[in-house]
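Each of the two complexes below includes subunit A, the first together with subunit B, the second together with subunit C.
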Partner chain A sequence: MITEQNLVTDENRLERFLAFSAEVTAFTVFELQGTGQAEAYLKTIGDVVGAALLDEILTVHGKQMSTTGDEGRPARNAYLRREIFGSEKLGPIARNIVKLWYSGVWYELPTAWTENYGPAPKDVTFVVSPASYVEGLLWTAIGAHPAGAKAPGYGSWAAAPRIPRFAGDPAHLPAAADEEPARLPA
Partner chain B sequence: MTSSTITTIPAKITTLSELQDYLHLAMQLEHATIPPYLTALYSIKPGTNADAVHVLRVVAVEEMLHLTLAANLLNAVGGTPDLTREGFVPTYPAYLPDGEDDFQVHIAGFSPSALETFLKIERPRSGPGRLVYRSYAPDASVLGAHPGGGGAHFYSIGEFYAAIEDGIKTLEEEAQAQGKTIFTGDHARQVTSEYYYSGGGKLFPVTDLSSACKAINLIMEQGEGIEAEIYDNENELAHYYRFDQLLKGRYYQKGDKPGNPTGPELSVDWDACYKVKEDVKLADMPVGTELYVAAQAFNETYAKFLRMLNRAFNGEPETLFGAVPRMFEFRNLMTELIRNPLPGSNGLYAAPTYEIAGVARNDAPTAAPAAVGAVKEVVA
Partner chain C sequence: MNRDASYDAVIVGAGVAGALIAKRLTGAGMRVLVLEAGPGTSRSLDGYTQHLETFYAATAKSPESPWPPAVGAPQPDTTSLRNNDGYFVQRGPNLYGSSYTRLWGGSTLHWLGVSLRMLPEDFRMRSRHGVARDWPLDYTALAPYYEKAEREIGVSADVADQHYLGLSFSEGYDYPMRRIPPSYSDRVLGAAVDGMPVTMGDEEIAIRVRSYPAARNSIPRGDYQPVGAVDIGPEGRSGTSNLGERCQGNTSCTPICPVQAKYNAGKSMAQADQRLLTVQVQAVASKVRIDPVTGDVQGIEYKRYEDVGSPVHTTHLATGRVYILAAHATENAKLMLASGLEGPRGQVGRTLMDHPALYAWGMAPLDVGAYRGPQSTSGIEDLRGGAFRARHASFRFDIGNDGWRATTGAPDTAVADAVMKRNLFGPALRAQLETTLPRHVRLSLAVEQLPDPDNRISIDPNYLDAFGNPRPVIDYRIDDYTLAGMAAASDVARAVFRRAGITDCSDPDKGSWFPSAFYQGREFRYHGMGHFAGTHAMGDDPSGSVVNADQRAWEHSNLFLVGSGSFPTMGTSNPTLTLAALALRTADRLVATLAE
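Presenting the complex of A and B:
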């Protein structure tokens, strides 16, 4: 059900997009804004599949906002899996949003999607901009830097890659006492 | 600020301890220009303003060279650099002398007024060594001040260095007459070129009068040029004229006179910059937000970096190998802050606040890679 609070408008679309993106990328809104790419990605999605489909995703996501925090995470994940990533219509777009943030690339949607929900004439694989390649989250996620940009300085290669910790990451799940705060204040 | 008088009494350095105080202030001055230059640089949106990006980057990197040369000078005359002492990082906005008027150096995005300030910082000196007396608010950071205090400061940065050069020559002459030297510093404390790269000018050890004068001249030439020359002895354009190109929209080339560049045209797109809130402070950020935490973490990281640099300038130059990757890390951290909107500021963006109070906390020495690794974790 679309309530008034849940309504996506031109005024709150960026904020809602960032909230959804933070949930599905495991990066914080601060980090996402820090890439400087939020507006460009929003525009890309609108240009290729139209703002209405994005708003549908954000609306579905918004309904689940009542379960917040780490305790709410499993429930939210299940909900997102079922309602968004499991949806034939919304799933491929949601996956593309994750890929946009991680790689700066819009990937052509599956043929099955285009046949059912297309046509989308601009739906081809393309790099959003030179900056979006550089700002891809994948570099941070693997503790590396984009080739040809953000050089980390002479001799830095002697240090092991620094893999950031993510909330809910099984490799870093707290054993008993939660001493180490998770990377994401969810 | 409120009142000023100019005296023609030249500022003379008469004791070694005075000289060391001056060199400490030189380090503070050189360092103080770096945060404003870097903030302006990283406020430029990627893929735009290639000319301005290049100019700002070169200047900022050369200020790092000047800081290191100032440390070498201080070490050469038996001083002990201390980047961790209270007030080493100024409170922005900070005052710099510029003739009869003061101007303030801000942490701000790249803009026409920022460029004007940068031109003032690097402005060529125009007269003989003079001191200007002025009264300041008690908590104001005044750069290029006379170490004797009393509200006196130099007419320009060039004159500040001229006073240092004069002092070194006089004191060394006096020492030589007694069969001594002021260059008593341990040579192992000198930071040499294997630790510094990627900029114009060369880093070299300061061990005697000739290398000391060479260091001072390099700093002056790279900043303001020599006399009416816009290029220095290494055929490098002085900072003042590099900035002037951005104002004039045209590059200088060999043979040009100051103020009249005749090289290729260039353009600056002022709109392609994040509009950063000037001299933003932690207090401007809502407590507990991701933004606040990141800005606070930046200051802590910066304080740690200064402690590392301090070790490098105090007999452990190899610490610079670990400090360099950390500087590159700053680029990413600063960029992140600058691209985040500042809540309640009518569309302005955040920036590092450089509120570095007591840096002097005693850190256990850490191996460089581990230390760098810790940075991201704190910030993330």
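Presenting the complex of A and C:
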């Protein structure tokens, strides 16, 4: 049910998109904004599949915003998997949003989706922009840098990699002091 | 036809061989014209940056992705090689797997920068191992030019690492720059593998991970000044910038070094005396005109175009005292054949070689820091030589710092796989990536290939490009000598993985597509190394070669064919340093000739 509080509007769409994106990428809103790509990705999704589908995802996501923090994560994940990633209609879009943030690439949607919910004439695989490639999150996630950009400097490759920690990382469960230091003001 | 002013030398091709010769000749006061088939967009820093943006925006980040061809100067690319529907007309039985780029700067715009010398025994394959043929030069004769080439193109290495398999250096010599620091992954692998014994026939050879000489800027020795990015402006500004005086670790030697810390031929072009140098870009050489009586070259016809997207062109004639074909092993042969010049005993285009290469990829037990640093910094070189070469090919390993990028398209494909097949998102996705990708290991196993006259470039009037120039027709077969080398190389790679506790993930079906070759019940998926060679080989006499040791055509006294096309055999070293040394040697001969 869409409550007034939950409604996605032109005013809050970007904020809601960032909140959803943070949840599904495991990067903070602050980090996502730091890429400078949020508006470009919103526009890409709108251009290819239409804003209504995105709003539907954000609305479904918004219903679960009440459980926050690491304790609420398993419940939220289960909800996201059931209501969004497990949905024939919304799942492929959500997966594409994750891939957009990680690699800067819009991937052509599965044929089954296009047959049921298309047509989407602009739905081909493309790099959103040169900057979106450079801002892909995957490089940060693996302690590297995008090939051909953000060079770490002469000789840096001789040292052991440093993989940044993140909230909810099952490989390095953070102590309280390791919680993300930087958060946007509410 | 328009006739240009006459020059001392006309050079076809603004790649590494042509650029080094242009620099040397203009330095000696000669007037030089360079004809370049492709555009000159990489001459200015702004233009080069556009190529970088093209790379960023490319969906498939192949070696050619930053360097799209002009209609009039088509080139092979990785996709069309796989589909066999591109510039090359391949007649098999095996597919030739390499590409190159037709642009001002040539394929050095996307080479890796490996600058190994050939081994002394590589020059004497017939006398030493009883196979193939000897060079008309030996290591000792070429050594002074290796030193010059290492300075001209800017090679980083510590000579102390490079004494193996008979390689020697003059007293007190060291490379112009210190070695590029080996990667963390090199050190991890080296700790596990160094000293490991490998059996090759009757020999037991100890292998080790070794830093290789690279044409990438590092910390200079003595008075050497590293050469940075090229910036030749439209208003006649010519030179290099201090951008790129050190490698910054962009992990992108191939397909484009963003800062030009890696050598490209543009650097030598920018150092030529611009007052004596004329460069005509978008000028496709199409015919070498010969005086039918003397055999001397009278001029070179070329097709000039304004629009890179159009087949419209005008034809011109370039004339000089000497002519130097430096257009690439394939393009040199093609141009000769298109001019009706088949060479002594029809040898032009024959004995085409490459280093057919295999990939081995695996998952290390711990993070090795993959996807960081120059794409590779070390190799395993100990199996480049030995008595076993009487029976099968030698080989070298390149140890990647760029994970499975070349083999599976990771890391992008790893993201897509984790999201689409493993259904991951959020912390589970990020954890999956961070715990696997930094452990990716890749070896490239580059295998020697001997000259075979049936492996060749030819032309066929049925296959022409948009300008009416012939496309290269390729006959290519990988013989048992090389296949047995592939088998040995695969076995060594497996042993290396076992010793280092690396899980072997090599699975061609899960990787990028490569053609197959079969040997004794084993299937090998190989790719080309871009090491085209042998199409106008040098020799002691015309019965077995197209050019002499000076790279002068036996049949045309004022014509020189330079580049790796002149190699009689190619051993296992990446050919650029050797072809650069040969070009500098030829340039010395040209200076002497022109001064007469």
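Here is the rule we go by: the second predicted complex is superposed on the first by the 173 of 186 C-alpha atoms of A that agree within 3 Å, B and C clash if a C-alpha of one lies under 4 Å from a C-alpha of the other, contacts with A are read in each partner's own complex, and residues count from 1 in each chain.
Following the convention adopted for this analysis, a residue touches a chain if its C-beta (ideal position, glycine included) is under 8 Å from a C-beta of that chain, and two chains touch if they have at least 3 such contacts.
What you see is a predicted model, and the numbers here were worked out from it, not measured in a lab.
Undergrad: Following the overlay on subunit A, give me a clash-or-fit verdict for subunit B and subunit C.
TA: Once subunit A is superposed (C-alpha atoms), there is room for both subunit B and subunit C without a clash.
Undergrad: Can A:118 be said to touch subunit B (first), subunit C (second), both, or neither?
TA: neither
Undergrad: Just checking: does A:74 make contact with subunit B only, subunit C only, both, or neither of them? Give me first, second, both or neither.
TA: Once the two structures are laid over each other on A, A:74 reaches no partner at all.
Undergrad: Tell me the contact category for A:148 with respect to subunit B and subunit C: first, second, both or neither.
TA: second
Undergrad: Who does A:102 touch here: subunit B (first), subunit C (second), both, or neither?
TA: second
Undergrad: Quick check for you: in the superposed arrangement, does A:94 touch first (subunit B), second (subunit C), both or neither?
TA: A:94 contacts subunit C only, not subunit B.
Undergrad: Which one hits more subunit A residues, subunit B or subunit C?
TA: C
Undergrad: Applying the touch criterion given at the start, work out whether A:50 contacts subunit B, subunit C, both or neither, answering first, second, both or neither.
TA: Neither: A:50 stays clear of subunit B and subunit C.
Undergrad: Which partner does A:138 reach: the first (subunit B), the second (subunit C), both, or neither?
TA: Only subunit C is touched by A:138; subunit B is not.
Undergrad: Give one of first, second, both or neither to describe whether A:26 is in contact with subunit B, with subunit C, with both, or with none.
TA: second
Undergrad: Between subunit B and subunit C, once the two complexes are placed on the common chain, what is the minimum CA to CA distance in Å?
TA: Least C-alpha distance: 5 Å.
Undergrad: Residues on subunit A in contact with subunit B in one complex and with subunit C in the other?
TA: 129-131, 134, 151-156, 158-160
Undergrad: Considering only the defined contacts, which subunit A positions touch subunit C in the complex?
TA: The touching residues are 23-27, 73, 77, 80-81, 85, 94-95, 98-99, 102-103, 105, 107, 125-127, 129-131, 133-134, 138-139, 141-145, 147-149, 151-161, 163, 166-171.
Undergrad: Enumerate the contact residues on subunit B facing subunit A in the complex.
TA: By the definition above, subunit B touches subunit A via 45-47, 197, 289-291, 294, 321, 324-325, 327-329, 331-332, 335-337, 339-341, 368-369, 372-373, 376-377, 380.
Undergrad: Quick check: in the complex, which residue numbers of subunit C touch subunit A?
TA: Answer in residue numbers: 52-53, 55-59, 61, 181-184, 187, 218, 246-252, 256, 258-259, 367-374, 377, 401-402, 405, 411-412, 414-416, 419-420, 423, 425-431, 433-435, 437-438.
Undergrad: Where on subunit A is subunit B touching in the complex?
TA: Residue positions touching the partner: 28-31, 33-36, 129-131, 134-135, 150-156, 158-160, 162, 164-165, 183, 185.
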